[in-house]
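Here come two complexes built around subunit A, the first alongside subunit B, the second alongside subunit C.
The block that comes next holds the complex of A and B.
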């Protein structure tokens, strides 16, 4: 697992150093035409050395997820972890994502879409297509007349102890 | 004949030097001869020949539909194609036959182009190697090239010719391999984090990712709705411009396409780059970048400078966090998009039927591979109430910072950015699988995914061969909806570099039994 450091700007473990993000922004001033304009001799050049380094993360800071949360995830997603490797994958993914906390996002609005400045296209509410029941039913495995057939609903997934899941082992 | 550009083959068809059916048959033969590459999942031989015959009729009566009439193309298997199985290389959609064509596929068919088949990919386009689909990995045609074989010394006498083959990169590896091995003239891929540009770089072809909102996603089985775009893979930049001209534009069926009228453009033959300002983002020099790629990057910068362009260092300060941001947003959107696969209306359905929940869970257990399951579970974790603000919303904020980085750079007068596409040239499959899919994606997408986060157009242009004789591509990132400028710069660069054509004759001599007819089709 690697954590980001910029050269000599050490910032401790991934989850700490909330200022490292802003340090990153401040450490690299200007750039672009202004810099070139200020110094006519300065030419754009591909940086000779990597501008940052990877650092191995200590095992102590590895995230542990409780079995309750894992069970909850399996129920929400209706997808199973299959084995403890799957759980470890999740923990690694969380650890990786934790690096985000180093960025200073004060006053920044979340961005849903890059096209947020535009109006969504709404067409006229007229029927332009349809009547394709047979076509659509062709892909379904279980059907009766024009219905998709589902097993009985409103039955929650079995509790952890009664399910066939690798998470049982720890309980 | 199969190696020429779109423009040249179109001219040949118009002049009657070759007929659409003959062209189609040659491509189909070549697909059979290169089956070992595993680039195609489905070859639609009958429908392709039928389309070719209809094209031939049109040529005879002088009523062709356009420049692409009769030209064979391939499509990544996550685009819906009516009547042709669309699997996304997953058990979940094995046997699924969509009742409609994706808009981009329909647009090409409306131009008279001939659909040869569906190409291989990573399952649900998740991956950077085209190795994790249920139909097996795709092999890079360059593994069999003379250029690679001459430089590659077999290290042990037990290593046979084929055991150390190279990956194509991903996830549109099948499409890239199809174009690279001359089985079609253009292929469609999808690009969410670099899935078109990465294999383009590794297979020595041009990979274009248009601006988000320019090309319709209707029919493209979604991975990340806010970042996906259909990608175009061709053998030269001109071809990419031609195809973009057909595919771009508002689609009422995709409300995320912009309503601006798109004017197809032709790239100029004489290009002057002296008025351009090229930006070199400092932060893209990351650890892991091979010295060869670095040298090529520097050489490219010098090339522009010597031609009179202004080449300057620029800062994209949040580059380091873009891969993390992408990881969170991608898994979160995947968790949402994959929820539609429950076995009820289409796709795989489990036999367990005690309840809907049990059936859904079993269907998804049986249908998805470990990569898809892993991303769904991670995504759900980041979307949990207790984590939503800290991970998902946080990532959305970081996304804005990253998008703003680009805006700031372009506002300062930079026209186009020049960066590497991949860290190194391609690697052997046995090497690639030493790390898991997520780790590899995090490593390989490093230069490409920022353009997806910001929605900007980007193109990978094959630049030169590495010391091993393998392709290295460089990437240009342009301003939103400025594809003409981007492609013009790319075309100029392509002309300067004169990237060599892959020499695949060698493969025919190595025991692959090929009929005389197929052999002549290959060599023509």
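The block that comes next holds the complex of A and C.
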């Protein structure tokens, strides 16, 4: 497992999945909080040499996901883990994310988003949108007289015992 | 199933005790419903105490929505006031409406809150068809204002003449989005969704559970409504869904820890609020006294049956998975000391600027009325509670010589009484302030008696456009000036009622009123009642 040393220096998107090792693409960052680049003459501020650090896999990261937690997740996020492989994927994803605990964040304010230092724009209270009923309803699978149609209320998920997906999590 | 609910509700309605005391200390024995309750039980048990907390959502009065610039309007063709953002189409982003921020700041100042100069937006996730994004943007971590106080007054049940003043703490005020509307079609097993309301700005006012009865809650909500309407931050009409109240109710024995609370929803007016809370308090007490338990659940109030019904739709405790709204930076508010130098005036919300421009709050208006006109505080409450009545009263006072303390009686008893009887608003009153002032002037100038004035008023209510003076002339209601005529009438009445005269001479003064009434009838109310009494008394003592 590799992890890149993170600080509040870079604005960029994280890409990659759980299975293979991921790379964090770094866009050209702005601002003066940049860690010194190796060569002052180079264009852009990308490090010359990779700074990957190996993170030890602690026993803590081998936490198993219980059936109750899975059930809870399925109701909250309306996902279906379907089978044992799906659950394994989930466990691997959790393990991967847990690498973040290796970062020393002492004295660092938690960041909400990369935009949090920007000014929140305040819009004037004027009406400039709306009146596009037809356009909006174009996407609707079913409609009744300009209303969207949805199934009745909240359809409760079947109880855990009754479901036909077999989850064999207890290893 | 509906039949059994009906039976249960009717049974509890019959058993329930309507008046909940001020501290809501309800002696289980004092309800007097079960004569078989043992004395030992009655003496040993601590009284029941109810705890009521309110969550109020007030729709912000603005032209456009909180995060998009589509229109805010109560009635419109379905899905016509919806922008791409409101429909949660991908690629759209929220843009905060300055007017909504100002409305929230005004309301927070009026409720004596501390304003957070930096507040944050969060996402509250749950799935429902009328919430297209799957989350609602709200302010959970750091709302715009905290720690306020709302004072309210009400007539204590059982003591009609005295007003009690209490206050409730405001935990916080936050900005959030409204959801769309769903119309359930059970026949075709589908729900129709109208997103016109989706994204409209709401101020959520969270109150601490400081109240203990339905009437307190109703009074607090009424006062909040008046404040919002005075500020203009919300029109707060409960019937149009601009003010929505959910109540959290629990009961416990005095001295013991708080009981399990239930949430009561679907309350459409202040009157139903009091009823719903009182019902729920009684229901919980009964349940506990019968050895049952109170479940932590949500119940809907059915105003036709007057009871709360469990909404067993929820599956366990909801986990909203709050997360910071990544598309909105923190909301920063300023005051005159912290005004940023290089920012356009339009982009700045200045708390001090807003505070200076706050209109007179209802409590201040009431004080001014009492001070200016010498009326009672109770009167000022009634004046403010009825839309347009204060204006009407002040207009009459301006145009008449009668003392405002006497005018208020005509306004609150006669005028308001008639309006209520015929279900009219002050604006719809067939009697204008000018006519009423004319009438009161006639009485002040002693051109007519007070009883004649009441007859003229009854005539004026017909709204035929005649002035008081014309009515007096037509019905010949001028004050009976001729003392001799009055003496003659009094003598005639006395002659015709020898029995009563004897009784009065023996000391029964109450019978005098009957004679006064007869004289008034004979004069068709034209005589001054005081003079009638004096004349009769003089004759009787002869």
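FYI, the second predicted complex is superposed on the first by the 102 of 171 C-alpha atoms of A that agree within 3 Å, B and C clash if a C-alpha of one lies under 4 Å from a C-alpha of the other, contacts with A are read in each partner's own complex, and residues count from 1 in each chain.
Keep this in mind: a residue touches a chain if its C-beta (ideal position, glycine included) is under 8 Å from a C-beta of that chain, and two chains touch if they have at least 3 such contacts.
As the structure is a prediction and not an experimental result, all values here were calculated from the model.
With both structures placed on the common chain, the touch criterion links A:78 to subunit B and to subunit C.
The larger set of touched subunit A residues comes from B, when the choice is between subunit B and subunit C. When both complexes are overlaid on chain A, the residue A:151 reaches subunit B and subunit C alike. By the touch criterion defined above, A:117 lies against subunit C but remains apart from subunit B after alignment on the C-alpha atoms of chain A. Once chain A of one complex is fitted onto chain A of the other, the partner contacts of A:125 are limited to subunit C, with no touch recorded for subunit B. By the touch criterion defined above, A:133 reaches subunit C but does not reach subunit B. In the superposed pair of complexes, A:141 makes contact with subunit B only, with no contact to subunit C. In the superposition on chain A, A:94 makes contact with subunit B only, while subunit C stays out of contact range.
Taken together, the two complexes place residues 72, 76, 78, 112-113, 115, 118, 120-123, 132, 136, 139, 142, 148, 150-153, 156-157 of subunit A in contact with subunit B and also with subunit C. Taken together, the subunit A residues at the contact with subunit B in this complex read 4, 6, 21, 24-25, 28, 30-36, 43-47, 49-54, 65, 69, 72-74, 76-82, 86, 89-90, 92-94, 96-97, 99-103, 105, 108-115, 118, 120-123, 132, 135-136, 138-142, 148, 150-153, 155-158. The part of subunit C that touches subunit A in the complex is made up of residues 62-64, 68-71, 77-85, 87, 89, 95-101, 120, 125, 127-129, 182-186, 189-195, 313, 315, 319, 321, 324, 326-332, 343, 346-347, 349. On subunit B, the positions that touch subunit A within their shared complex are 96-97, 99, 212-213, 226, 250, 252, 255-259, 277-280, 282-283, 285-289, 294, 297-298, 301, 305, 310-315, 317-318, 320-321, 324-325, 327-328, 331, 335, 342-347, 349, 353-361, 364-365, 368, 370, 373-374, 376-378, 380-382, 384, 390-391, 393-401, 403, 409, 412-414, 436, 438, 442, 454-455, 480. Across the complex, subunit A meets subunit C through its residues 72, 75-76, 78, 112-113, 115-133, 136-137, 139, 142, 144-154, 156-157.
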